[in-house]
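Here is the structure we will look at.
Note that the chains are named A, B, C and D in the order they appear, and that numbering of residues resets to 1 at the start of each chain.
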């Protein structure tokens, strides 16, 4: 493919689908965005029995409409790139494929009751279409960098949560016992994480005085532990922001004209007063009109 | 409109109602503040059956007293500004109107049982009078700026919460099923947000071992996610504070490039513009004279 | 009272009770500390029926022992200060008085069953003895300053929580209604604060789809709002710490010998190697013994 | 002990078990890591009745395999260090011993039903093997330092939580009373901590209007209090990070007053001292030669 053949249909399609600079590209993106969200809502509504019974046909039509659109999109994405295999096995390629296929499988392989269960699970895969939205996610680099920078410390924190939960979970299993809902250690550890993260469902709750005392320690510990990841992300993020700013400052070091209050640099042609609010039409001092270029 | 007609009654009323610099203006503000809070308490008490039965008449009298005061206030606000339509369709104009009207509607349109339900809902609108308090809210600019500065990142965070909830909600619906309270995907997603935000009502709780294991992941994730907005607001706020301080330091040292401008509480009687510089004699927006005692 | 009569018994008592520098003063403080905690535990245990039935006499003896000690302490505090009225009406004077009096009232005014209820409430006042501990609280000034500095912003935040709760509480009362536990607006507002603060008892939980959707908004809002006070305290505290440090730095600017890694300034007398860990007895390079002054 | 006997079997074993620089040492560490996690999972599964009934024999075999491995490891650790008593009574020595012994006790002292309960508790001690993982925890020094630096403030915060809980717990006991689940003060204090830390199980919940109003205060207080430890850790951590960075900057610019010293993973075969400088040839504590390949 030569670069002289720039404006053949393939390039055009590529421009529309992969880029958002042209009006057609923008329109495509908006349509896709709406359809993704619509398809998520469809899957959700389908799972509500009362709605599914009433509007089954409507939901099915909607679902086929979305599926066919996604199928066309998937095919166009493949044909318009120069290395289709690269797209197909990329994360987005796989998500796009999984977003399309369940309806076809459901259509062609309708079997016994057993198969229906598997099928139902498969069709719910369509909810993962929401991940297609990631394309439109303006990645916040500062955020990403601060999380990556604090990666090791977050793992240490998760390790601390895990160890605390196992140790306290075992103790609670011994103290409360099976009679009070702590039927086994894994369940006890689960309860411990519920408590440590301050979720506190209340489906299992300590009944003995000693159990409640230990719970107190777990809760205060959990309440304190949350300070750690927050402090880390906060500090790392602050550093990322400061670094960015420092670079910026260095770049514009020569002319330090920074305005955080919306005041413009105009001076009144009549009384020479300065510090007019941005957008002011008249001088606040003498009432004379202010001129804008 | 001449600036010589400075002290007519309209200007006087404008001063009392819209400004808080004169003793009369301050008194008006305090009375209004008390009445707003009193009216909220009235609406709340009315909804408590046992109290409403006992003191129905007293509550009704109180409500009419508040309503008439608010009606007078509303009318005065309209007549004292030069462009009434601008006030009427401003946010505060609409809130003021909605705070006054329900009692009149309830009085004139008492109909059948069906109408009463609508009416009851309408009368509860009076609780939104609490928004009138926003007038007295000394806006913390540093706080507002730090929230605005982290706007995009907060949206990214909300998006992450939403996507996680949809994905995990669907998985939990599959794992736990309708028998354990996860009757449909929307409800499952709702439960997922309850867990992710560490609220944990406990009205729905996972029963299967696998469900509890996935719940563990959701909780730790939620526990970690909270670090992100906290870290962002914290860092942005720290930056806002530091910037302010730096500017202050610079101001005393070299040239005052940036100034935190003293703005007074006046609003122009002609165009309702606010945020006039202290000592300003003319409205920066319409050139109308500003009144000082 | 002359300053020449320094070492009379009054001054001695004052030294022991109010100061902690002498051995006797330290001993007094430790005894007081233990008795305060012991008295709190006594009050708590008394409220447990099963324990009170068994050990009623023992608890009573303990309580009288504590009360008599506190009485003596209270009298000594009064006689050993120069302006007794000042102490009596100070916060600690009042706490000390309220810590002592309930047992005497309970002893002298034993009346009918009705009086017993009031009495019981009164005796529980003894639990406030815990506030006597505040004397031993090394006040963290940085912490206090950072909270004072962010006072206004915390009030704005509390106002936001209050307004959100009233508005959402009323909406939930309308949406869910009395049938689902939202019996009146105050209760609905209470539920709203339970949700907004991510406590989530689960004694009341939304049942309708719309109610659950609104709950989702409240929870995410509450999850986000917590970032605000945290961010503020964090930033203000960071500033307080930085300010402190800057002052410190200025004070010791001439000799910037700061060591955060415990390495000493010794050099080996044999091979002249430096950077020995603090407390090292032998050179890490040549094995020669290191000499300490 | 001469440094000429460098490569006897003892030194070899020491290298493999205590260090992670050689391939054999690394392999040993990985095997140990897997076995620790496997043994934790074994203990957990054993506590699940349905699994224990089915796979009792398999679990027992697995448990004996792990126990024998840990026994050999324990013996090798003792024989390969020069001062075994120091290792035996070190924290890791005790953990290693407690990880090994329960199975032997369970095997030799099988007694009556009463003994079985004690035994069961004892065998659960094996879950503490998870603490053996601490060896592999790359300690985050910045994190540790920031927690140590804010130690006093965290204690003040815990004291505030304790005092608030006791005071509010007693008030709630008075207000709600035994009829609504607040049966005694300790339970009421427990409930108060559950609420203050925003866990909110919901097993006990206020029923009276006054009780719900006080609960509102407790919740908002708890929601605000969490800002304090978070703010402290955040600020202290930020300072630790900034200090590190500043030191780095200074190091490249002028004289390296402070150095972050590269410390290796070796431990002295004679006195078990760790944290040797990279390239150190002799133990800084006892002067014994350190072994390198």
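Everything below uses one rule, namely that contacts are C-beta pairs under 8 Å (C-beta built on N, C-alpha and C of every residue); 3 or more make two chains touch, one makes a residue touch a chain.
Predicted, not measured: the structure shown is a model, and the values here were computed from it.
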(message) Comparing the two chain pairs, does A-D have more C-beta contacts than A-B, or is it the other way round?
(response) A-B
(request) Please identify which chain has its centre, taken as the mean of its CA atoms, farthest from the centre of chain C. (result) A
(message) Regarding the chain C and chain D pair, does the interface count as same (over half of residue numbers shared) or different (under half shared)?
(response) different
(message) From the mean C-alpha coordinate of chain A to that of chain C, what's the distance rounded to whole Å?
(response) 39
(request) Could you please state the distance in Å, as a whole number, between where the Cα atoms of chain A are centred and where those of chain B are centred? (result) 27
(message) As a quick test, compute the distance in whole Å between the mean CA positions of chain A and chain D.
(response) 33
(request) Could you list which residues of chain A touch at least two other chains? (result) 186, 198-202, 226, 230-232, 234-236, 238
(message) With touch defined as at the start, can you tell me which chain D residues reach chain B in the complex?
(response) 198-202, 230-231, 234
(message) Per the contact definition, I'd like the list of chain A residues that touch chain D in the complex.
(response) 152-153, 156, 159, 163, 166-167, 170, 173-174, 183-186, 189, 195, 198-202, 205, 209, 212-213, 215-216, 219-220, 222-224, 226-228, 230-232, 234-236, 238-239
(request) Spell out the part of chain C that touches chain D in their complex, as residue ranges. (result) 40, 43-45, 47-49, 121, 124, 127-128, 130-131, 133-134, 137-140, 142-143, 146-147, 154, 158, 161, 186-187, 190, 193-194, 197-203, 226, 229-230, 232-238, 241-242, 245, 256-261, 263, 275-277, 280-289
